[in-house]
């Protein structure tokens, strides 16, 4: 069943069943914990990134590598909405999701990186499956994964430049042809930009 | 009437008649078997199969296909070894046509009764291998190359069981002439499959492998090598390989029928009756085997190349040799 | 003859180096290849039939859904994500809708949840039927294709009856399912509900599917050649499977009895009895076998669900313009191909701020470079096919 | 003309017929078919991408071992046939000789298998 309002109310009042586990894990990896909608999110500093996953895998049985990606928190946007909340700082947030394969426990690790030159250690040694996910994050967000064996483009053609999932990356087709979507209520640009790196 | 008989007793006239007959037979056999394959596979898969061409049952489907192939551009890859690429289909078809020489359709109905008939048949049937290898090599395509090499490996591995499987029948008949073998079966009163069922089984398996049909279609292996040695062929050259395959299904089945199933003979028919009914009986028997081949084709998956080699060298060849020894012992002792 | 020592030495060296110089062949399998399920490209280094290594090249189907979803509204995205894994289009919608509903803290009516569950399981069966059809074909057997696809057609008819779409239902709405959907091609339209006779027809269909599953088992499991081609081929041990994030039937074939339907609560699976089939060896045969068993288990679930579908509304009350409160949520679901999840980041607008789509096939085929080391060329196809991926699900 | 020569002639004619058949049909087809080869059409097929290297690449002919085995066995099969025709006349002596011959063959095969010819590594 989807979570009902009463569930979340309870979560606010009574400690979440995963709270103890989350606190213990956060303590072991040196991060801060946040539980929302039944999922545990542990924020760790970049230098603890690999070690945190190692601990999670070996000591907490979180052996299943679900995914790794990133979120571009940016104010300078070409598409979509800019950040509504003035409080949020500009950054690239790397998220990885690991889980166990017995009880269904799942933890999201998160790490904030510098927006201009995001760099972090590679997880390939810890989870073999991180290889492709890191390549994807690298090409989409321009994150440099130190120690990755083969950080080449995964989806995009070899000559492609730019990081499409950055908020500052324009969607070419949307500049050429209007789409009656959410953001197109704004006035369209007079003529298509010619400086589009995705062209 | 006498004039015609006289005319055909002339070797050259007879020869001309024979090659005209064969030139007619091969496309006909190819079409009939090709059509049978389409319709039977459709039945096995709960489909309708060809339906529209020609009206009833879509009988003209293969004619329509043939006409289509006539109009297809004949493409030769730029990198290909042109002369080899162009002549490869010829070699495939040469082997097939030459095989028709020794198939006895009736007591006196044979294109040429060679004294070493079965030996000739087995030898000539491997000419197609050369064509296949040429096709694979000359295409300058990696899939073709792999397909051609697979074909070569497979065809030589199964040539041996094929050759050794017939020795049993030769021992029993005491002759290598195809007509002689049928006559020996008439004399014995039973088709040799009764005692040579092992030989027959090995022969049919090896024949399937020689035809590179499923479960032995690795040289083509559509899901692996796209179309194997045929990848670069288009238009009519492509069609020749299929024509040869279908015609070879006929000839190899005919050899199996002759060696193991009594050929044109049916118990209870007199010599004169056989003279007329012989071809019909033979073709009926052939089509039973062809049906089995089509049935296998649409039932089985394909082997892997090493499994195929293992099957040939570890099982079929020793089994065929054992069959020879057992047959000979029984023949000599009894 | 006057050949000086130097020349002689050069000559001998030359001949040696010519002999030793062997060159591995680079074989492209795909993007246009009969058995790559779309446009996957494998760059294989081969020497004869032996494959040393394989480098998968993906991205030919990359449609940029993650970027697109940042400029779409939630209802628009539902239509988009249908097309991720088009073999089980319906199942793609559910976790996304559930994620949005979680952030909105919506209570979805039970009837809608049951309908979602039934359709998800139908999507699972139809996806597995496609596998049952295509896998023997990759091994060279053409006939099972028709047997399996025929049954799938009937399921698609049922899906069409409910949703109006065979491949891309676009049937879920935030807060429930699309009202007024009903009525298949010939059935009388019952307003706001399932088409008339849906339950009876589904029950009948389940009988047929069971029969088809038995038939496929006879055809394939009993075949000596299939066993020789798949048993012991492409063994993926459990520790490798979890490290690469293999999920769904592929993970269970490796002996890990883990199913998100048992642990996650995105749909009311806890109300029903079903088993989690697991393989023993993690080879191609087990991956095939597990999927066959899952078809049977899905039939069980659907039959139980049909008996228990409650009456009631199909949709919760939602505002006309859907705005999702700010927050982050990850909802993962057991899709036919494995774990499908959406990491939804909302900033309170009409569309997501960021939507990470975790698709099953992407992780499932990321194991290919590992699994295809030092195999034979035919095994590439056998192993690749047994992982049952869809390129749309890989590239997104 | 001797029957012997006639046999050869028949076989030769039939073989030639195969070649003629191909040429005639291709000749007819050449009238009907379009000829418009472009560079793309004449490119080697490699699953839709430009071929890596040339198709004339080296490959490990795994099958040459089988080729060698085949030659040995095929030559020996030739010896079996003459005996097979006369098996009855040659009697027990021929039978024993053939037993020895075939057992030697089998031993060779067993040796080859033991040497790992059939293992694909």
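Remarks
Each chain gets a letter, A, B, C and D, in the order it is written, and its residues are counted from 1.
What we mean here is this: a residue touches a chain if its C-beta (ideal position, glycine included) is under 8 Å from a C-beta of that chain, and two chains touch if they have at least 3 such contacts.
Keep in mind that this is a model prediction, so the values were computed, not measured.
Looking at A-C and C-D side by side, the one with more C-beta contacts is A-C.
Averaging C-alpha coordinates per chain places the centre of chain A 23 Å away from that of chain C. Look at where the CA atoms of chain B average out and do the same for chain C: the two points lie 43 Å apart. A separation of 63 Å divides the Cα centre of chain A from that of chain B.
The set of chain B residues that touch two or more partner chains comprises 142-143, 146, 149-150, 226, 305-306.
Of all residues in chain C, those that touch two or more other chains are 25, 28, 33, 48-49, 376.
Going by the touch rule set out above, the chain pairs that meet are A-C, B-C, B-D, C-D. Contacts from chain C toward chain A in the complex involve residues 58-59, 62, 64, 66-68, 70-73, 76, 98, 101-103, 105-108, 113, 239-240, 242-247, 251, 256, 258, 260, 262-266, 268, 326-330, 332, 339, 341, 343, 345, 347-351, 353-354, 356, 358, 362-363, 366-367, 370, 395. Residues of chain C that touch chain D in their complex: 22-23, 25-26, 28-33, 41, 43, 46-50, 376.
Note for the complex: chain D touches chain B at residues 1, 6-7, 9-11, 13-15, 17-19, 21-23, 25-26, 28-30, 32-37, 39, 41-47, 51, 54-57, 59, 61-63, 66-67, 69-70, 73-74, 77, 80-81, 84-88, 91-92, 94-95, 98-99, 102, 105-106, 109, 112-113, 117-120.
On the chain B side of its complex with chain C, the touching residues are 41, 44-47, 142-143, 146, 149-150, 214-215, 217-218, 221-226, 298-307.
On the chain C side of its complex with chain B, the touching residues are 25, 27-28, 33-35, 48-49, 136-143, 145-147, 150, 223, 225-226, 228-229, 376-381, 385.
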